[in-house]
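Paired with chain B in one complex and with chain C in the other, chain A is shared by the two complexes that follow.
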Partner chain A sequence: MLPMALMNGLVMGVIYALAALGVSLVVGIMNVINFAHGEFYILAGYFSYLFADTLGLNPILSMSLAVGMVFLFGIVIEYTIIRPTYGNHMYSLILTFILSIVLQNAYLLIFGPYPKKPPGWVKGATNIFGDFCYGNQRLAALAAGTVLIVAVFLLIKKTWFGRMIRAASQDREMAELNGVNTALLNTFSFGLGCALAAAAGVVLAPVFPVTPTSGVPVALTAFVVVVLGGMGSMWGCVIGGLILGLVENLGAAFISTGYKHLFGFIILIVVLAVKPSGLFGSRET
Partner chain B sequence: MKNPKVKLLFLLFTSAVILAVGPAWANTVKVGVVGPRTGGAAATGQAFDEGIKLAINYINNKGGVLGKKLEVVFEDTAGAPDKAASGFERLVTRDKVVMVVGESHSSAALAEIEVANRMKVPFIVAEAWADPITAKNYEYVFRAGPSNSGVVNETIAKWVAHAGFKKAYIVAENSDWGLGIAELTEKALIALGVKYEKLTTERKSQDHYTELTKIKEFAPEVILAYVYGDGLHFFVAQAGELKVSPRAVILDGAGPPSLWPDFWKNVGEYGNLETFVSSMHEKVELTPLAAEFRTMYEKEFGKSPTDYKSRSIFDAILIAADAVKRAGCTDADSLVKALKKTELEGTRGIIKFGTTPGGPEYHQWMPPMLIIQWQDRNQVVIYPPKAATGTLKR
Partner chain C sequence: MLEGKELTKRFGGIAALSQVSFALPEGLIVGLIGPNGAGKTTLFNSIAGAFKPSSGQVIFKGKEITGLSTDRICRRGIARTFQVTRPFDEMTCLENVGVAVINRARPVSSPWRDAAYETLRFVGLGNQADLEAKRLNLIEKKRLEMARALATEPSLLMLDEVLGGLNSREIGEAVDLIRKLRDEWGLTVFWIEHVMGAIMSTAQRIIVLDQGKKLMEGTPEEVAEDRRVIHAYLGE
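Up next is the complex of A and B:
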């Protein structure tokens, strides 16, 4: 039981971290909480399904197209809905909440209520160390999720764009004085945040088929991870995601499967009680 | 009336009079439907919409009720008890429906029966299975569909005994339906002397690996899965990946998710040999009306009916219309009296409500249920023996 719980906790943790990175990025740079984050995840799952299943395109191409389209959609949303709310966090919060409901209903209308699953990349299961079987698609999701997280870290830490993002998240005014176009940066960062949600969506949709409302728990988990790890902290997302994945699975394995998500919230409360800014968050001055 | 205030008062008074006597002038008889059009069980809303459309056409093409057309007003409950209660109340106060039918979430139905009882409005539950819905013996509440005790005692437990299973695992989602039916199953398995274990899973859980690892350690012959919606697809697919099935036969204790259009895409070949409970079979019709329903359905929607909940709501609306006709009026107490005397052919049998108070059988009609197994993507009835078209494959 323990090896399986650890393995599954690791896989779920990586996926949680990937989904939370987009939220963290948008919070860190724009101070905007995107309530529709889960709906972008679902949209990518639907696009991936449409391209691969309905149009018969190559799964990798379908996934890339899906992420690209969600990135563009994110840019449009930032330009039309988020940008006019700058300076008032409550407006952006309410607008993204409304966007989330509108998108859920649009998905229901367009794709129907039944779960949709893009074709898997691999089939079957692998016997891990002769101890337990584990789905190959999940192992592939673990690998893809890890590669994507590393790519995001390289983008943020090693590129010119990443340097701008870090500068703007540390001191927006100083970044502007140094020539950073923060309005454009916001647009791209929001698009990137949505693309990260989309990346998690296309990786996970072959494991967990998407439905119009299945983005809600994804967004909720992403918010828990971001708060657990510390608002705006990239490392916090990764460590927070892994902790959440492991705690949920160990709790389900050794205490009760009926309260899997409760264990995550208990850990969140404990961490916030001890360190209110989250594991890697910096205290506001 | 030159004074604008007097004009306004006159306008308000006229509007109030029209609203008050409006229903008497109306040339339709309104029946309310409650059910989830959104949320995790929106698929049921789609099945309900299909059944409603056919029922309205069927009844109105035969002259309607009391010389008027039948009209249906749908309230989306999204499976949430608070929305369900307020939606029910809106149907009665705003839409002036004479009766309410529908619902498929037990937790929502349990909230609705309180409103029905308080407002004294007849309510026919179609597909919410929890026993307390009728066990409370409310005078205005009826159920023309399965109950947890009926499904367990009349079908599932008898099938377990018939198939000779010695070890079973009960998996239940943490909803009113899931927990209720699991408790009844537990009692039935104890009575049968079947060795069993039980676990609860979260209603919206997508990942069942931990649950399935526990199940695998117990090595059951049958898994009685009370998990509704897409959760069932996840469960079946993941059970296949972990090689829990087909070593153990999975029974989908709800039914419709195993018949949803994307079932095979979502579960792949792991769906083979899965079994499910159903009140219909793709090729067998229980009554002449069921055959007529299939013809109407295929003509209207250009596909074959799969989700049996479209038949449940069709039957519920037929029962409501029949009661109004026999009562000769829309008075609630007269409708209840008429409902108690219902004897009507539906798509799932002859509908007749129980009249002995004291248990969940009061005001309850239990449709006959089948246990069907997917064998090479064909539906094979494996229980009850008199309806069987094949035998259980393992």
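Up next is the complex of A and C:
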């Protein structure tokens, strides 16, 4: 049972990390907490279902299209709803909260209450170390999630776009004085944050079908991961996501599945009690 | 070059700046002095776009730039430094300067690394290029701040008390650097400074602010002898 729980934990951990990176990016650069993060995750699942199942497109193409559509949707949302609220974090908090409720109900109206599941990319299962059989779709999700996380790290650490993001998240005004168009950067970052939620969504949807409200626990977990790992730390997101995924699944396997989410919050409380800024967070100065 | 027309900035009921007009000729070092709270930094902020003046106009190279966003003003060719240095702490010196290089108006012909390194070497930080900015000492941070401003390729450089906290040898070096920028780079420098000896011997013109108003403008000699200036600094 242990290896199975470890594998499940790893898969979930990578997805949590991916979703948390999106939250962290938007918080870090824009100081906006996007309460509708989970709804963007679900939207990508629905898009991917529509393209692959209803239109019969290739799964990979469907997923790329879905992420692209959510990226564009994120940009529209930033431009119309978030941009007017700059300077007052409370407004964006309330507006994204309203957005999440509106989206949930829109999904219910459009797609109905039943779970929708895009087709898997691969079939069958692989025998892992001759020990147990594990679904290929989950393995593919693990691989895709890992590749995406590495891609995000490269984008932020190695490209000029990433350097502008880091500059603006450290000192917004100074970045502007160095010619960074922060308004444009905000729009793109918000879109990118949504696209990361979407990436997590399309990767996981073939394993866990989407329903109008199934984004809520994912977003909640993403926020927990960001706080656990330390605000603004990318490594924090990755390590925090993995810890949470593993703890939840080990707890579910050995103690009780009913308390699955409880274990994550216990870890959060313990970490915050010992290190209030999170695992990798720097102290507020 | 740069012209201010009746610039006024009110915060609530208080006018931090009222009806200030001035004109900077190209290629000169112009000092901006005045007692604390005279509105010097407010004037800088109104020019560089940190906030929009309540009324009045800022004209740069014949075009109005009043109230444009900070990044656009930067790309028009105005750079500024702050009293308290504000490097991007978590990034290397090279990356700090790189941000400015990437965003400047002129297309970068050489890769940004080369241009950024060149600028770092010019201010004497060539050996610290790969060091995180938070590890620099005060004088190095000031140099980095200068490098970043220069990397935006400005035609007007606005310096806000760059000499504060430096010893006399360091002041000498900084003043030489500023002169070099005017003479070799052809920059116009607008310079707030409290170190009177340095500004009086370097600037060709001095503008004096007091309580948000322009008290006078003239050569350093004229300013030093003006009774109103002495009064503003020393009181009765």
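Things to note:
What we mean here is this: the second predicted complex is superposed on the first by the 285 of 285 C-alpha atoms of A that agree within 3 Å, B and C clash if a C-alpha of one lies under 4 Å from a C-alpha of the other, contacts with A are read in each partner's own complex, and residues count from 1 in each chain.
As a convention for this text, contacts are C-beta pairs under 8 Å (C-beta built on N, C-alpha and C of every residue); 3 or more make two chains touch, one makes a residue touch a chain.
All figures in this text were calculated on a predicted structure; none of them were measured in a lab.
In the superposed model, A:Arg166 makes contact with chain C only, not with chain B.
Applying the stated contact rule after C-alpha superposition, one finds that A:Ala5 touches chain B and leaves chain C untouched.
By the document's definition of touching, neither partner reaches A:Leu154: not chain B, not chain C. In the superposed pair of complexes, A:Gly135 makes contact with chain B only, with no contact to chain C. In the superposition on chain A, no contact is made by A:Ile94 with either chain B or chain C.
Using the contact criterion defined above for the overlaid structures, shared-chain residue A:Val270 touches neither chain B nor chain C, since it reaches no partner. Of the two partner chains placed around the shared chain by superposition, chain B is the only one that A:Pro113 touches, whereas chain C remains out of contact. Within the superposed three-chain model, A:Thr182 lies in touch with chain C and out of touch with chain B [touch as defined at top].
The wider contact with chain A, measured as residues touched, comes from B rather than the other of chain B and chain C. For chain B in complex with chain A, the residues that touch the partner chain are 38-43, 45-46, 174, 199-202, 204-207, 209-211, 213-214, 217, 230, 233-234, 238, 241-243, 260-262, 265-266, 268. Interface residues of chain A facing chain C in the complex, by the touch rule stated above, are 160, 163-164, 166-167, 170-171, 173-183. Looking at the complex, you find that chain A touches chain B at residues 1, 4-5, 8, 12, 53, 104-105, 108, 112-117, 123-125, 132-135, 208-209, 211-214, 217, 249, 252-253, 256-261. By the touch criterion stated above, chain C contacts chain A in their complex at residues 48-50, 69-72, 74-75, 79-80, 82, 86, 88-91, 95-96, 98-100, 102-105, 112, 148, 151-152.
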